[in-house]
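Chain nomenclature is as follows: A, B, C, D and E, assigned in order of appearance, with residue numbering initiated at 1 for each chain independently.
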Amino acid sequence: MNDMRPVERSVDTKEIKFECSDVQVYYGATHAIKDVNVTLEDKTVTAFIGPSGCGKSTFLRCLNRMNDTIDICRVTGNLLLDGEDIYDKRVDPVQLRAKVGMVFQKPNPFPKSIYDNIAYGPRIHGLAKNKAELDEIVEKSLRRGAIWDEVKDRLDAPGTGLSGGQQQRLCIARAIATEPEVLLMDEPCSALDPIATAQVEELIDELRENYSVVIVTHSMQQAARVSQKTAFFHLGNLVEFGETGKIFTNPRDPRTESYITGRIG
Amino acid sequence: MPVLWIVLAVLGLGLIGFYVGRMRALGSAGGDTRQLHSLPNYYGWHAFMLTAVPALLVLAAWLLVAPNWIENTVGAGIPEATIAESGSRSLVMAEVRRAAGALDMAVQQGLMDAATSHDIDANLSDVTERLKETGAIITSDVTQPVLQAAQLYRNLSAISALWMSVAVLVLATAGFAVAVLRSDKDFRARNTVESGIKIILILASTIAILTTVGIVMSMLFETGNFFEKYPWQHFFFGTKWAPDFRGDSELGMLPLLWGTLYISFVALAVAVPIGLFAAIYLSEYAGPKLRAVAKPMIEILAGIPTIVYGLFALITVGPIVRDWFAAPLGLGNSTNSVMTAGLVMGIMLIPFVSSLSDDIINAVPQAMRDGSFGLGATHSETIKQVVLPAALPGIVGAVLLAASRAIGETMIVVMGAGAAAAQFQAGLGAVVNPFEAMTTVTVKIVSQLTGDTDFASPETLVAFALGLTLFVITLGLNVLALYIVRKYREQYE
Amino acid sequence: MTDATANAAPAPKQGKHAGSLFDADARTKKRNAAETRFRAYGLTAVGIGVAALIMLMTSILGQGLPAFNQTFITLDVYLDEAKLDKNGTRDIEAIKKVSTFGYAPLIKNAMAAKVDELGISFETFGVSGKDAEAMISKEAAAQLRRFVIAHPDRIGDTVEFEFLASGRIDGYYKGRVSMESAEKDSNVTPGQLQLADALKEGGALSTHFNWGFITMADASENRPEAAGIGVAMLGSLYMMIIVLCLALPIGVAASIYLEEFAPKNWITDLIEVNISNLAAVPSIVFGILGLAIFINYAGLPQSAPVVGGLVLTLMTLPTIIISTRASLKSVPPSIRDAALGVGASKMQSVFHHVLPLAAPGILTGTIIGLAQALGETAPLMLIGMVAFVREFPSAPPEGFFDPASALPVQVYNWTTRADPAFVERASGAIIVLLIFLLCMNFLAIVLRRRFERRW
Amino acid sequence: AAARDNVQVAGSSTVLPYASIVAEAFGENFDFPTPVVESGGSSAGLKRFCEGVGENTIDIANASRKIKDSEIQACAEAGVKDIIEVRIGYDGIVFASQTNGPAFTALEPADIFNALSDKVLVDGAIVENPYQQWADFNADLPAVDIIAFPPGTKHGTREVFEEKVVLAGCEATGAFEAIMAKNGGDKKAAEKACISLRTDGKAVDIDGDYTETLARIDANPNGVGIFGLAFYENNTDKLKVATMGDVMPSTESIATGEYPVSRPLFFYIKKAHIGVIPGLKEYAQFFVADEIAGPDGPLAAYGLVSDPELAATQTAVEAEEVMGGM
Amino acid sequence: MNDMRPVERSVDTKEIKFECSDVQVYYGATHAIKDVNVTLEDKTVTAFIGPSGCGKSTFLRCLNRMNDTIDICRVTGNLLLDGEDIYDKRVDPVQLRAKVGMVFQKPNPFPKSIYDNIAYGPRIHGLAKNKAELDEIVEKSLRRGAIWDEVKDRLDAPGTGLSGGQQQRLCIARAIATEPEVLLMDEPCSALDPIATAQVEELIDELRENYSVVIVTHSMQQAARVSQKTAFFHLGNLVEFGETGKIFTNPRDPRTESYITGRIG
């Protein structure tokens, strides 16, 4: 099953960001991720697709060790970020997570003001020298998160009083405010209307210039639009991984094919 | 015990009501619960409620009112002369009750038949002797008026008991009937039951109010008496506390108030950081095993009688504070000090802060933490900036509880900080020096109330004034706390 | 730019978080140090709490455990008919006429007989017969009298009794009294101690576990060895039953109403402030209230557990209400929405979902409230429970109305008594109180662990 | 409501030990239940005593002082008219230090006054108390720092201490005169000035019990505490008693009046309750019986200074003589 | 891919289920719903569409008075369900909500077992006579919610330990287990893969036979596929309401048009 890493990548091989091999994840006795091997490139958008419950979020959360916070969750295998094993004892998950930011599947704004939600990351990482700079970061992040116009008049209102889609964009803005090198986005557009979705996709495209982005999505169209690489998960297995174009036009695995063509997304 | 039987009968009827109500409702819906407005059990509870609650309420009311009514009726019939002889009506009534009890016992033991017991005459027969035979405690001779009253008492009691049974059972049956008749598929049983429960909830919350009213009322009167005897200006603004047996004491409350605030402050300065950090550690860092052990252990600290802490302060902490801190620093050489009491009280208060905060911190959803971790925050940053603010209302509640306890504590203060009020006349240095002996309002409330001064003198009555003043002051502090919580509260989700 | 491996030269990166993951940058180091410190504070705090507990427990146990042991002297007492039943009619009323003072000589004689039997004499130790009698508790006479009244037919026989040794003799075997201290002590002489040693040698004196400490009532100041915590334990038990049965349901009910149902307006604000304020009312004030309402107004008896229980209930309510409300507040609103969304009534959403989730906090509040109530003395002072009570209250429900004392009261009483033998008993009573507390908490703790969860 | 069948006693904590010894023996030797004896202070006891007559009020109030006129009046207003006063004996008050602390012999009231009063007479002038050590004003006393633990202002003992020791010392040293002279002959103010104790930490009020005083002396090797005689008698191995004017305090020396510092102890009975509350009169009689309260009885053995006029008391109780000479 | 199934259903007027007029909703001072008038028919699927934050959820929550739970939220206007004003004092919101079920935008499973999550509604409404019947309801609901296969082996596991999409389906299953007459679904498929989405859409279609369904969605395709009527909200206003086919092919309002044609969903 894990025999399909298509090596024939286009000539411009990019630097490798993440190199994962033999990754296994267990929730107690449940084997949620089985034997996954995958390499994620820098300055690339990688899309994770697959049916609900197949392990996309689980694998995504491995990449910045968010699974550490779940008691029953156990991760084995090698996950190298820039060649360094992120599960090494010497690695400080805090630093890792500053580097590898995350947008969660369920929007989880802090019970603070919108401003503080965004300013939280820059503050703890000391990204702003003064209030003016911080204001700037907040505004910029909210703009990039395509939510500035809706909230600019109520930056002091609590982030929890926003609509579902607004909360999601707030969380995106919050994640990019810390300027991570890798951004993991778990269904970032699930609650967004087409216009906002397009804006977020634009953002992702823009981020790709400098960083790498991993995005979980259920929308095949979205995956096709924004990603260069796509990984298809099924029942905890990484069934197929490769150039997005190829996966969508010419999938190798029958499961991939049936998923993609099965129904319209 | 007929009352017990009545209660059992009512409860039994209620139980039957439960099933009948349920069945009837189900029956009306043809056995299909979907056709019912509410779950079948609600119909059952409705019937039970209607059967039992009013009946038991009447029973309770009857039991409260009837004895008084009987006493009054019987008491009214006792000749003035008899009352004058015994000193008071209530004392005669005690005799009457005792005689009535003895008559009951006599009949029970077969020493006297029921008829005799009713018309026996104290002047003719040796009633006292015969009653003593039963083993009942008869303290003096049973006189004719007392005997007659006792007989009346027995009669009325019997009648009252009879009517009570009748009334209660009739009411229960009526409730039963109404409930059963109402048990129809369209009847909103759930709403009715829930309204009933809601009334109970409301009643429960009024108890807190009534307690306050009771406290204020029970102190207001004596406080008034106090201010009649002692000028309020001196009480509120006096800087010297010096009660005196000969009267003309100085009862300024400022030194006590200062002592209260100071000692409580030190205690909280110990308890809040330690308690909060312990709570954070236990809920955020500790493994389940450590938590399972450490949390109940720390809770034991709240249950150790304060006298133990007091002795600990007096014998262990006091000398340490004096010899290691106060004396070397040249700040005094008393084993009694604000510091000593504060430290020891702080230890006692740790579980008040830690246990409650721990539960509240634990209740903050994991998603909040994840959000922060995902941004690269350390665990402590997450706690400080996300978890604690979200848990703030609960934590403030816990701290308030600890502060309340600090204000209300006596034993530790007496043994740790002494019984002498702050010495305002000795200058500011003595007042702010934490190694100086001081005492609190509560200590003085207790000591003036349990002391040897004339109970109608200002020296004793001042306890009530102190209590009421403290009450008002803490009320103010609580309003402030509520305001702060409102201002900073962060509601998740 | 090939495969980046662990030894690849760290390429200069432009990101804000550049650098190897293995070596933390300065800021991270600083933050990590803060983290470590924070964690250390937490551990220290837990440590302080536990250390304080251990310290207090060691001192309590050290002082209190001896209370469970007691020294006894076994004597054969001749129940002299001439003293106990002059007429020889065995009429119980006549026998009752002989007071405990009349029994004292019998004990004195028995002591002398015992000394003879062991082949020693008072003179060797320089003690008089009266001194020797004083080595036996004053309780002995009462014990003897009770026996005789229960068995009048035994008058004239010689019966073996195990009497309590007096407090000082007992203290000698517990290290409280020594030969040196006895020199200065007006209540015991070194001779008596030596005699005691001789009796021990002869098997007439032994120290063993003392059930009496747990089952007997308090005793007066001049017989500390006979003092027990039976009445106090029952009193506390009765009061705690009342407190638990009233405070928990009322407290939870009140909290539910205030937190979930009451409209949010100034009245509820007032109630909220008012309840926190009640927590700050000194406990003795609750005693004033109890005296005014329950005894003077409602006419309930004095010194009765029912009044104590009610007063402590009022005192505990704020603690339970505050903690319950805090826990109810911390349940995420989405849970309520979820329940309401499937058509649950507000009441159902509260009782089915919110309350179970708030249970840990409620139980914590209950534990702390009960602990406080169990250890409280001051309010009991005004309602007559800080008292010397010898009679056991009967079984509930009547027993709720009988005079009783309470464990903390017993502790307090004993610590104020002159005879140092009471100090150990006070600590012993504290141990019992703590065991009581642990038993009450155990259930709550087990329940709490069942309900604890994170979501 | 069933009738109450036990005697209820409340009041002074000083009388409590005696009352409990009596109650215990009473319960053992009579068929009546053992009386319930509460402590809580003379004042609190009398207050409850004066709340009225009836079963839910107490029958007897113990007091370590005489009932005040204002209290009698309050009692009468509440219907408690006929009160039987019973004096059971005297409570001696002693000064004592640690066994290995300083020894005080032949302490005079003047010494106590000089050591503890706020203002003392030095060279004919009234000044703030300058003394640091006992020897500073009396070379016969030990040269150790002054620190004393008088009972707090709530205790009746404090009153006795003020009246019979401090005030007496004030007069003896001539300070009283000097103060009078200074404030223009205001006797009351002078008395008040005399008895106010210094507040520089050398006189530490004890609101608790003698056990607390004992603990404080343990923690302060130079401390002098003020105790009841009974407490001292039970702790002779821990305490070194100070003699007053060379008289050793004991039940005998107090009974004879040689040792000056003592106070009478009382209990008060509601006459109206006699005949209603079972065992009430019997208890009172038992209390003052010779075998109990006499010089050889258990109370004296415990430290009560028995009343030389006990016989009169016994007759008074027998006859239920009420106060106010009825 | 995005074939908008043109819906030319017969014009037979159905019974009216909800009749809303002059509905205004305020969050404190914010005017979130302005003057909305709309009639929802029985046995019809109505889709609410519109950009994020336009008030779709808010209006949806008015229909079963879930807004009652938000302190600062105030609703005015007439909302008639079967001709009865649901904001009338005599109306028991509980009964209303039993009739008008809801699936929330953010999945909110109870912290109970999966079984209990589903069984809760039937239990409080007395829909099952015995355990067997309850089991049956649970299974049926989970099947209809297209999640049975994934959870059938772990019905006792907590519902909170499911993946995002699984939680969402669990919530759908929970809502239909009580058999409401009207089902309000706030973006029920946002976290679902195409297959699961299709199954849920099938469910919706099936529900339409007997009940009426209101669905909030950001996917124009989905709206086109499942709904007969569509309402387009914009900044709190109901801009356009009508036959789905018409709205998508021939919108009347320029705002609607620009939203629909603006970008691809």
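The definition used in the following text is that contacts are C-beta pairs under 8 Å (C-beta built on N, C-alpha and C of every residue); 3 or more make two chains touch, one makes a residue touch a chain.
The UniProt protein names, listed by chain, are A, E = Phosphate ABC transporter ATP-binding protein, PhoT family; B = Phosphate transport system permease protein; C = Phosphate transport system permease protein PstA.
Note that the structure is a prediction, hence the values are computed from the model and not measured.
Enquirer: Strictly by the touch rule at the top, which chains does chain A share as contacts with chain D?
Expert: Chains in contact with chain A as well as chain D: B, C.
Enquirer: Out of curiosity, which chains are bumping into both chain D and chain E?
Expert: Looking at chain E and chain D together, the chains touching each of them are B, C.
Enquirer: By raw count of C-beta pairs in contact, what's the busiest chain pair here?
Expert: Most contacting pair of chains: B-C.
Enquirer: Based on mean C-alpha positions, I'd like to know which chain lies farthest from chain E.
Expert: The chain lying farthest from chain E is D.
Enquirer: Report the most central chain, judged by the distance from each chain's C-alpha mean to the global C-alpha mean.
Expert: Taking the mean of all protein C-alpha atoms as reference, the closest chain is B.
Enquirer: Hey, how far is the Cα centre of chain A from the one of chain E, in Å?
Expert: Comparing mean C-alpha positions, chain E is 29 Å from chain A.
Enquirer: Starting from the mean Cα coordinates of chain C and chain D, work out the distance between those two points in Å.
Expert: So the centre of chain C lies 31 Å away from the centre of chain D.
Enquirer: Averaged over CA atoms, how far is the centre of chain A from the centre of chain C? Could you give it in whole Å?
Expert: Distance between chain centres: 58 Å.
Enquirer: Taking each chain's centre as the mean of its CA atoms, how far is chain B from chain D in angstrom?
Expert: Their C-alpha centroids are separated by 34 Å.
Enquirer: Among the residues of chain D, pick out those that touch two or more other chains and give their numbers.
Expert: 1, 4, 40, 44, 55, 208
Enquirer: Scan chain A for residues touching two or more other chains and write them down.
Expert: 94-96, 98-99, 106, 124-125, 178, 180
Enquirer: Please output the residue numbers of chain C that touch at least 2 other chains, ranges allowed.
Expert: 17, 31-32, 35, 291, 333-334, 345, 357, 381-382, 415, 455
Enquirer: Each pair of chains that touch: what are they?
Expert: Listed by label, chains in contact pair as A-B, A-C, A-E, B-C, B-D, B-E, C-D, C-E.
Enquirer: Tell me, which parts of chain B touch chain C in their complex?
Expert: 190, 194, 197-198, 200-202, 204-205, 207-209, 211-212, 214-215, 217-219, 273-278, 280-282, 284-286, 290, 292, 294-309, 311-312, 347, 350-352, 354-356, 358-360, 362-366, 376, 378-381, 383-384, 391, 393-394, 397-398, 400-401, 403-405, 407-408, 410-411, 441-442, 445-446, 449-450, 464, 467, 470-471, 474-475, 477-479, 481-482, 491-493
Enquirer: Using the touch definition from the top, list the residues of chain B that touch chain D in their complex.
Expert: 67, 86-88, 90-91, 94-95, 97-98, 101, 137, 139-140, 242-246, 248, 311, 314-315, 318-319, 332-336, 414-415, 418-420, 423, 425-426, 436-437, 439, 443, 447-457, 459-460
Enquirer: Name, in rising order, each residue of chain E that touches chain B in their complex.
Expert: Interface residues on chain E, with respect to chain B: 92, 94-95, 124-129.
Enquirer: What does chain D use to touch chain B in their complex?
Expert: Contacts found on chain D: 1-5, 12, 40-44, 46-47, 50, 52-55, 63-65, 68, 70-71, 74, 79, 81-82, 152-156, 158-159, 162, 188, 191-192, 195-196, 199-201, 204-208, 212, 215-216, 218-220, 270-273, 275-278.
Enquirer: What part of chain B is in contact with chain A in the complex they form?
Expert: 366-378, 381, 385-386, 389-390, 490-493
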